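Chains here go by letter, A, B, C and D, matching the order in which they are written, and residues are numbered from 1 within each.
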């Protein structure tokens, strides 16, 4: 059986762990197969859980988060016949598939949409914690905004410095209100459970918000402009489907590979006009073809479009 | 009968004579393994003052606390005015007309007098009305019994004497017919004690009943009608006061003959030990407590400081002991002592100053420490208590404790027993043993016999005199004029942070000292 | 002062309390539709049934010993240090700096440096609240809570902006050199010929933790400083009488406490991860409060309570591995254990004492 | 740097952020004034937030939600009372246990009931608190200065905000003007005095702990039903501890509690409003700005507040016979 190991945030983190969970569920429903899953609770369990899972014979084993790069570097060589899939990180081991997502590309697209939907030329970004991954989201978003309106204002907030930063909808709501009072009329939340408060506050104030990771448009129909999709669910689904024959090596789930994108469904179709769609899809095509390059925060730890 | 009903008291016809205010039958009480009261029976006549005496730990407070419903007896019955009256809690005791002033006051320190008085007897859900009513009846009571206290004063700012008045007012406010006082004079000045006795006599004249626990036989003889003696949890005798003598009572109490007066040879003063000049001390609030005190003590001499509590004696002891800071000059054996920031208890001890503090429970001892830990308290740097470098030699301390307990008759002689489990007298002996056993150059001693039974008083007095005879200097602070008069070689009287004058105990008398203590200079 | 023998008070009562806690935990497991007996068995065999399980149990226990001792030292001195979390965070920083920037030739030298650095950094983080308490009367409970938040902000800043290797995704420092790998428990036990599983993070820090237990015991009950600290903790007023300096005692107590908290990082940062991570403390500072209080602030009690919590952590991990019981169940079990052994122990002690009294009367 | 409109917005946010702290702070005040220390405020709030969110989600009624929150918090308070009063246990341990219990149980039960990983379903409509517009808000709004203050800052909060503020004078009145308050304060200072005055120490302490439960229940309900739209795991995010700090800050007095919690709310709102500040060449990083409220708390505490003396009998069980 395949297996899925969630990272510390837990499988219901309203973020990428949950997205992985959805992918696994989809696979289980479609194939009727069963899989094993585990939630890590502490740093010391990383190696423990991956190793124990491998010992049970599970194959392939999907492991969430860059925090496990070191873990797989240690454990994978001990189980050469087991395939590991790492989400959000690169490990150079023969039996590991490393799946990276181009969050900046997807964020660029929703940034464009935000700018086009904004009437005040002021948009907001609320991240969970000031770590590189979240800056990657924010930086792509700001670039997208500036691509449409070069002198737009992007207000960026981070929620906090402790684990609570990902689980504080109250703080999320308050940050959103603060941004709204500064004129923001579209706010992108990349903050796990905290984001729920952002979306809520935006809906209450009758402005637009942008969801993250999975499609969150349905949470407040007509109030969520779109969601920046990071198709972790697809990555998990495909890995499960491929079974122990899953290909190893680095996979870049970028726009071209449809690893990232923006969500469009009946909940937000009235919010996104033809023009907006054309503009965004054109940009998407350019990015996919390599004609347009969105600055990758990881390359030099700087962001041209916004300061955090 | 109607009054009885309204107070909700439970009444069962009883055979006992109706002229008895209280009758206790077969009361027993154990605290874990300690049998504090053993099958105690006692009768107290209405309108009388009944004294109870006994050694420290004899069970006096326990018995009275049972009567007041604070503790529950394991066995026994209580009759009030001849009727069997179960008293499971203090509420029932109050309803039965009993009021009690505890040995350790039960006052809320940061409440006003008024708030303390009405607590539990507010008479309504809102305070405003209750306060106004209480203020009026308090004024009435104050007039009737000469119990003056400012109803708006905060209790922690009051002298102990005044705090006690508050306790008595509390009982009277609840219309107590029976008033229990547990060692009320332990903390009072002679004048305050006289005042208290006038009040008690007044109460008796009004038909109220008073039970008085005290260690002072003089008071027993002076004011009580009957007296009961307790020993080791049992009632050993009840006698009419008129038919007995202090000596007999003392013997009943302790089980041996006790010397009630101090025997000492005339002093032979030697070298100058302590010289104090122009000593000034301010308290935390910036109020000047010592206003230029000068005094001297020679070797082999006891200087007694008389005075009403709160006139600077405590500060004098504290600044000399290094607990408080001050200004002025203090010389010990001719060498000046620092009174500034570097002064502390350690440096004083190193120079041979020992200190038996007034407040043994909060200063002199750590109540949660075992006896042996307290024997090292303040002397934890002493070389004989060290093993090496940083390690203490606990075995040595324990051995020393056993030795001290034996020589100073501390009971029970168990070094590992927590200090809070010793009776007050024995706690005091522990402190005295620790401070006096090192032959200090100068002994500072405050209220050495407060709350201590006569057996222990005799012992402690002997030790102080012995130290003097060994050529050491002693500074004795006490509010007991008796004690000052009988122990001191010279008496200085303090009033309002100043020394009012010095007297020779052989020449002066209580009246003269009393005037000085009141600030009246002839 | 009761008729109960010492052993009953020290062993029987806690055991019964523990039993009640586990029975109620069983009911909770039953309520969410799982088999409590199987779950308990799984926890016990998983945590204590193999040297592998023991390895993890001891690894967690090591953390809790450090933070538990830290809380208890301060507590003995009458100070409630809730800042273990922040002090351990800073301790981790100290370890990381010592290991990253000095090329130690051998782990033993690195370990000595790490012990000093972690204790120093932890103590330094406790020093400000201590100073403010001693000199300004600022309540140490508030200031240490605040310093926990400030510490995590500092750590995020340093890991994201300063210590993170160029291009790394992970908010973590670089790996320490291989020379800084601490010997694992199995390496140590192999020296004396005891076979022990090698796939667990238990390492030489355990010995340092045990030594710290002995050290704290010696300190508190055998040295002058300990004597003064305890006296100060019982009564500040009386200690001034005895010439014990309150300012100094507050500083010493908090510095020692902070240092012990900081030393926890040797286990997690140097012993396990080999680099500084964003959340290497993981609430151990708070568990330390429970451990210290349950252990009655005595090193032996702290050791036992730390082992119990280590057991719960590893047993809980095994539950998560082999059942679908949510991981929060373990938190509930921890809560019940703390509640019954720590706060409701009198509920058990009273009837037990009553039984002993009856028994004695029957004999007499 | 800050114009008037910004200030109003920050103050408006301060009030919202201060409200749960204020409830919890007053809760702690009652408990600790009666001599029962309570570091379990966080757990009680969390339990209340959970059950209020759950019940509101199921019934669709915000007030039923509030009642359920109070009930959950009272249960926790009951455990604390049992441990701290009846069984004379260690009050700190009991508080720690309650925090753990709430943290575990809320997610365990939430997952069991709703299958959303511990979250409750999002609340809509009557299951949430809406803003209340105070009388004449729209009349006064256009006025300069006073208009924004009244219409934007004071008006437009949810009912619980006004209840919280009303709780301040109510608490002060209860503590200082009633028989119950007198006894409660006395129990926290010297329980023996209350006992010998013929009043049950146990009774008063349980009453205080129950009031603490009710107020914590309101705090939790406000988080789940007022500020957020439902419960999310660990959503109290340490506010119980901050409330505890505020309580010490406030020296255990109701009006000071209002000031202290408003200050904490204000500092957080300022941190939210200015995620980073540039001083010419130096830009203070986000982490610094997020830590700023905590740094300022320490500075203010050390600089201006001085020593706070807790109720003298606090933390100690009342034991007559050792």
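Methods note: contacts are C-beta pairs under 8 Å (C-beta built on N, C-alpha and C of every residue); 3 or more make two chains touch, one makes a residue touch a chain.
None of the values given here were measured: they were computed from a predicted structure.
Two chain pairs are in question, B-C and C-D; the one with more C-beta pairs in contact is C-D. Each chain's centre was taken as the mean of its CA atoms, and the one lying most distant from chain A is B. For this pair, chain B with chain C, the centres built from the Cα atoms lie 46 Å apart.
Each chain gets one centre point, the mean of its Cα atoms, and the points for chain C and chain D are 29 Å apart. Once the centre of each chain is set as its mean CA position, chain A and chain C turn out to be 36 Å apart. For chain B, residues that reach two or more other chains under the stated contact definition are 31, 421. With touch defined as above, residues shared between interfaces to two or more other chains in chain C number as follows: 1, 149, 153, 156-157, 160, 330. Among the residues of chain D, those in touch with two or more other chains are 111, 118, 238, 285, 287, 290-291, 322. Under the contact rule stated at the top, the pairs of chains that touch are A-C, A-D, B-C, B-D, C-D. Listing the residues of chain C that touch chain B in their complex gives 1-3, 218, 221-225, 227-228, 230-231, 234-235, 237-245.
On the side of chain D, the complex with chain A involves touching residues 5-6, 9-10, 13, 16-17, 20, 111, 116-119, 122, 223, 227-229, 232-235, 237-238, 268-269, 272-273, 275-276, 283, 285-287, 290-291.
By the touch criterion given at the top, residues 56, 59-60, 149, 152-153, 155-157, 160, 164, 166-172, 175, 199-201, 268, 272-275, 277-280, 282, 313, 316-317, 320-321, 327, 330 of chain C touch chain A in their complex.
Residues 31-34, 321-323, 344-349, 355, 357, 362-369, 373, 376-378, 380-381, 386, 390-392, 394, 421 of chain B are the ones touching chain C in the complex.
Per the touch definition, chain C reaches chain D in the complex via residues 1, 28, 32, 80, 82, 128-129, 132, 136-139, 141-143, 145-147, 149-150, 153-154, 156-157, 160-161, 286, 289-290, 293-294, 326, 328-336, 338-339, 342-347, 350.
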